[in-house]
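Encoded as structure tokens, here's the structure I'll be asking about.
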Amino acid sequence: MAWLKEFTKGFIKENPVFVMALGLCPTLAVSSSVINAIGMGLAATFVLVFSNMFISLIKNLIPSKIRIPAYIVVIASFVTIVDMVMHAYLPAIHKSLGLFIPLIVVNCIILGRAEAFASKNNVFLSILDGLGMGLGFTLALVVIGSIREILGAGQFLGMNVLPATYKPMLVAILAPGAFIVMGLLMSLMNLTKKK
Amino acid sequence: MSILIHSILTLGILGLIYGLGLAFASKKFHVEVDPKIEKISGILPNVNCGACGFPGCAAYAEAVATKGAKINLCAPGGDDVTKKIAEIMGLEATSTDRKVAIIHCQSGGKNNTKFKYDYQGIETCKAAILLSGGPNACNYGCVYQYDCVRACKFDAMHIDDNGMIIVDNEKCTGCGACAIACPRNLIEIVSIKKRVHILCSSHDKGAIARKVCGNSTACIACGLCVKKCPVEAISMQNDLAVIDYDKCIVCGMCADVCPTSAIFDPLKEVRAQKKATAKAKAEAMKKKIEEQKSQEKKEEE
Amino acid sequence: MNDVFAVSAAPHIKQKISISSVMWQVVLALTPALLVGIFFFGIQSLLLTLYAVVAAVSTEALIQRFRKVPITVSDGSAVVTGILVAFNLNTSSPWWLPVVGAVFAIAIGKQIFGGLGFNIFNPALLGRAFLVASWPTLTTAGWKPTNPMSSIFQSSINGLSNLPSNVPAVITSATPLGVVKALRDTTQISRDMANTVMDNLASMNTLNELFLGNIGGVLGEVSAAALLIGAAFLAWKHIIEWRIPVSYIGTVFILIYVFGGINGIFSASILLPVFHILSGGLILGAFFMATDMVTSPVTKKGRLIFGMGCGILTVVIRLIGGYPEGVSYSILLMNITVPLIDRYTTPKAFGEVKR
Amino acid sequence: MKYYLKLGFVLLIITVIASGILAYINTITQPIIERNQQIAQENARKEVLPAAISFEEVTGDPTYFIGIDSDDNIVGYTFVASLYGYSSNVETMVGINPEMVIEKIKIISQSETPGLGANCEKPEFQAQFSGKQKSDMKVNKDGGAIVSLTGATITTRTITNSIKTALNKLDIPIENTAEEVE
Amino acid sequence: MGLKTFSGGIHPHDNKVYSKDKKIEILPIPQKIVIPLSQHIGSPSKPIVQVGDEVLAGQKIADAGGFVSIPMHSSISGKVTKLAKFNHPTGITVQGIEITGDGEDKWVELSDDTNYMDLPANEMKDRISKAGICGMGGAGFPTHVKLSPPEGKTIDTIILNGVECEPYLTADYRIMLEQTEDIISGLKILMKVVDAKNGVVGIEANKPDAIKIFKNLLKTEKNIKVVGLHLKYPQGAEKQLIYASTKRKVPSKGGLPMDVKVVVQNVGTAIAVYEAVRYNKPLVERVITVSGKIVKDPKNIKARIGTYYSDLLEFCGGTTEEIGKVISGGPMMGFAIPSLDTPMTKGSSGLLLFNKKEAHKKQEDVCLHCGRCVDICPMNLVPSLIAHHVRNNDWDSAEKFGVMDCIKCGSCAYVCPSHIKLIQWIDIGKIKVSESRQK
Amino acid sequence: MEFAGKILFMAVMAIFVQNFVLMRFLGLCPYIGVSKKLDSALGMGMAVIFVMTMASTFTWLIQTYLLVPLHIEFLQTIAFILTIASLVQLVEMVIQKTAPALYKSLGVFLPLITTNCAVLGVAILNIQSEYNFIFAILNGLFAGIGFTLVLVLMAGIRERLDRAELPASMKGMPIAMIVAGCMALAFLGFSGLKF
């Protein structure tokens, strides 16, 4: 069941955010609410899956000297597609994710997977890897997003989940909160790993 | 339609310009680099994420190749990359003839050893030996501030209930960090196969050595072991017996004769048993022979 | 081991000083301010302080227990942090505010870094910054007036009969610095009028009240006099050293004198800097918080730079920043630079020749 | 050299394919995006000036739209007021009737602090502007009629001031109408 | 009085009351003594006697082991009974010569040159060198070496160190009161040997009577000054003393007093110099303070070099409480030793006894970065950082931050609220750095 | 005078108030990755300042004179990232050849910058904010300075943290995040700065 492993490793064991600490910028920037987190996560997953697939398809055609620029073009194309499609059909989320959609291009996770995995494995595994990693990324975003949204706004997916007497802890959705929540989660990860 | 053409042209030309420009530049500004660095660079994911703590993959590759950086730092690359780098660097761990640390002192641990004063200083052996030659009565023995334990990065050294230091042969990698840390030079890195050791480092004269040793297991330089060793592996150096591990055949005969048990031989009992049975056999044989002889004599008579 | 002598490295005598003696003396030095706070704001002040202290101490103990390290709450450093968290709060705060602030201060501000001595940021101020960012309305508005009500606002408004009716609303609900901020900010009052109010603020009468403590504000900043008594005690005990407070306050004095006036450079009266120094927790910050040894430079030159940096930032925030009050942020910001300051101000050894 | 040409060529192919695909997708999405934006603006205008069914653009400073009802009457004007707030530019769509009384406002773009300044998007807050005039554009803390958001006076002041400035600048035709009314 | 001083430093309680007003007493000749062969900085002396040899007091029993070394003399008459390792006041064990006395105190012949000041400088230095004099103020550097500046260096000032800033110690104070003239004669000899025009006697403000006596006696001497110094530790440290009295700064990183044309000598050394030049008398006795709260009768004792500390303590009537710690030297820089069976040497200025409570030391806490150690370091170092680097085995950084410049005065450890044993860390650092330098 | 005032405002905004790293979440990977040693941080910072300024210049030109006239703004992402990547590589090669000493201290950081959100981010932000040419360049410069400032401060702090007895699970990444959070909390003091 090697393929299952390739699929699930991104969830916990090699979680791109908590374990490998890659792609931090979008993780922190868009996780102030769960809906943004999901949007970003899925957008990145889309790019990951398709660029992984594509790269593993053409891996043998590309001379090694220019593989990085070539990968970048491939990835950037998919990012642009996501950007345009979201803009057209999901204008609200597109607006709140803003700058960070084009920035998926430079997200280390994507290029990293292309290099480390897709350029060496077959199409099927590469898609699974991309999907797994993308979902792992989404998972991490949603976890952080939930914590921040619940603490910082008393809401989950826009619904009030805490009693009205709860005075939202604003920092959680501000920049400092993002860093601190992230730090604590990473440390938690370390703690569980040791046991 | 014009958009299609425009975009294809623009990007195409941009791509071409950049490609040619870079190609030209790479020729013009070519700089020789260590092939190893190139090779490692090739293996690394080249995402330049900085997770390794170096400023980019190339820098990491260089550090591995030339500065002995650790080979397992690349997070995106994971185990695969580590293994491959290991191959390039020829760092395959050889497990056949492992070396481990042994401590040449068994004065009984912090709780049993004899102290000449009450040490009240910082917890490091380096400092302790500076004060009046160390707090323990023996000027050569372990001072039990555990610099070695702290130096071990592999959790291979433990402190037992008596404050003795035990080396965990399973975990010990023979890295020698502890040996460097010990200011008394009590630790030696020796092949795991050599199992007979002199667990004392005292150059004191016999009487003193024995008196100050917490376990009274000091080497008193009686020289019995030197005489007993069948391969002349033991020599007396400045009132201390020292084993030449190159010569030692791990027979354990020295341990048998040592009057203070300063020589350690984990197989002593096994050997003793073997010896006993052999002796018994020999004796039995002798008896038989003698009986035979006497019988023959009788018969002769 | 009773029959052997003790042997240790020199020196064999030691000044009678320890972490806990230092910390408890700081607690002692903070009590006058607390007493004045109780006098002006009522028993609520004491309660808030107690909540914060209890929260700080128990958080510290719990975390140390969890980390399986020795529990050192008796050294008093958590008590200092707790008191200072409470001192940075408005006396009308709900009970949970000091508690949450103190927990954050100790957990994230201190223990996460390994505990006493290792933290980079001043825990109490980090706690305050956290509270301000989380509940800005609770921490920066709704000042409780002192009891008996101070005459400071009356005196500053006296003689302003032609004041638009809205002006008192701007002024009375705020702390003295809030007033200054409002005067600089609003487009509602004419410049002349703002000047008059400003002059009135920076009059001897007002300064007197600021000094003694009859003004609104956070718990600990209420009386400059009480704080100075504590500070003098600490200075006498050589627990705090002159460099940070002096360079801090000196910088604020000069900068406010130069830039503080409404009509451009050097338009401020000489009393305005004094007004600024006596209000807004500057005394509390300069003597008790910027001097926190753990989070300030060790070198002498470094401490001067640190103090000046705090002064500059305080004035920047007070004059053009988003908050009326800049002490806590300026100290936090300077905390960030401490490692670099220390690194670049390592003194030359005695006799070292310049190269 | 040949080798480099090959490299360049491969890169060229890839970019060409990529840009082709992108251009194609763009032709699909671009109209939708533009339509979306138009609809959004139109909706916003209609929201702040419900009586109007069509709008006529007048460019200027600020650019404004004349709202026209089914009977071709001028029912009011809409314009966008904008100013830098606490941490972002706050843009407000404002609808006024010919008497220069605010019909309704709608915050169309801001990224103020969530939970503080961002609360200006709440309907309760925006509702209070309806029926107010230029002279009312003052925050309660400054003695005006606009009740500021808790803890976000700066944002409130920004919105209020932006509307006021825009009203001041909006001149000729409105003055005319005003005169006509008089 | 216009007191002078340096920057930094501390004010420990001086505790000199125990022995301050005790006149110097002469210890009866001990039964057994040990002359360690390393009482000084430099190579050990080489014994020239054998077990069984009869020796006289003042008779040379060991030759200098090189230029930076000194000869040793027997301090009593008797028989050499052992050549072995013995305890040393610094805690280590070193080779020494044990002499069992015959109780008669027979001396080698001494002379008396009343015109000693007319001797040529060379001859004076020769006598100093033959007398086996090393510094009596602490480090024990051979005095004749200090008096032989290399080509091109000149000395213009001799400073006599009468500061005695260490708490408890009063030996220098007593000799300044009781042997003032000898000290001044010694100073004059020293000045003549190196052709120094100026002489300075530096005395701390807590010894006003000593300052007065010197001022009186030196009224007529234009080129010898008496300098009153602030009561502050470590005022007696060489570099600080030089700075306080001449405003000259000895360069860091291994600079020596002679780089600023100064030689500093202890007042006791001056007496030894005087006696050596005038009487040809070798250095076989010195004054030592035996003190401490628990000493029955604290005293300043003139004793023969090699006398066991246990004999000195007995002479003072023993202790009133159980001994917790024995310190050879002063409390700030002295060595705690594990045994009273230790002979005094030429550098032994004090023997202190602490009870168990005084001996108790607290555990180290973490560094608070309070900067107290930085504030008081007379050498302008950052002790906390040095200690940190040593703890991390980072010798390079330790060196960069100036471990080697530390004079080990102990002030930093004295003031540290976290009880950090800064000196012990610095000690390791010094050793490691000099090891790596040698490599 | 007004121009100077505008520039000053821009500098303060980019460096302190809207700091790229602490407030905008851009360039976090190098911020966390290259802040372990002060020397590296300084080198990296200098390289980033340089590249951000260059990137701002070139991307602005491409946008204004190529993409906009041809109505192909949707190719922004792809064109920018290609430009940046090539630029970085070119600069690297030139420096390596012509100034080996500079390369040793600075050049090694260059590749890391390609995948740094901050660079692409500033390029896109320049366009979004409709800056003119001069302001675009200046914005790149100031944003780079802001990045360098916090990077260097972070490195100082992390060097000091080496001395701390951190809880094991906090070592490395987690504590860096926490410190970043605390720094962001302190930087909130700059928020609302107005001239």
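Structure notes:
A, B, C, D, E and F label the chains in the order they appear, each numbered from 1.
The definition used in the following text is that contacts are C-beta pairs under 8 Å (C-beta built on N, C-alpha and C of every residue); 3 or more make two chains touch, one makes a residue touch a chain.
Predicted, not measured: the structure shown is a model, and the values here were computed from it.
Separation of chain A from chain D in touch steps, taking the shortest path, is 1.
Taking the mean Cα position of each chain as its centre, B sits at the greatest distance from chain C. Greatest Cα centroid separation from chain E: this falls to D. Distance between chain centres (mean CA atoms), chain C to chain F: 33 Å. Spacing of chain A relative to chain B, judged by their CA centroids, is 44 angstrom. Note: centroid distance chain B to chain D, computed from Cα atoms, is 73 Å. Among all residues of chain B, those that touch two or more other chains are 3, 6-7, 10-11, 14-15, 18-19, 46-49, 51, 116-117, 120-121, 127, 130-132.
In chain E, the positions touching at least two other chains are 91, 335-339, 359-361, 366, 421, 424, 427. Looking at chain C, one finds that residues 4-9, 108, 115, 118, 130, 133, 136, 322 touch two or more other chains. Interface residues of chain E, counted against chain C in their complex, comprise 6, 10, 12-13, 91, 167, 239, 243, 249-253, 255, 323-327, 331-339, 352, 354, 356, 359-362, 365-372, 374-375, 378-382, 384-385, 401-402, 405, 408, 410-411, 413-415, 417-419, 421, 423-424, 427. Those residues of chain C lying in contact with chain E across their complex are 4-15, 17-19, 21-22, 115-118, 238, 241, 293-300, 303, 346-353. Looking at the complex, you find that chain D touches chain B at residues 4, 7-8, 11-12, 14-16, 18-20, 22-24, 26-27. Within the complex formed with chain D, the residues of chain C that make contact are 136-137, 140-141, 164-167, 169-170, 186-188, 322.
Across the interface of their complex, chain E is touched by residues 116-117, 120-122, 124, 126-127, 130-133, 139 of chain B.
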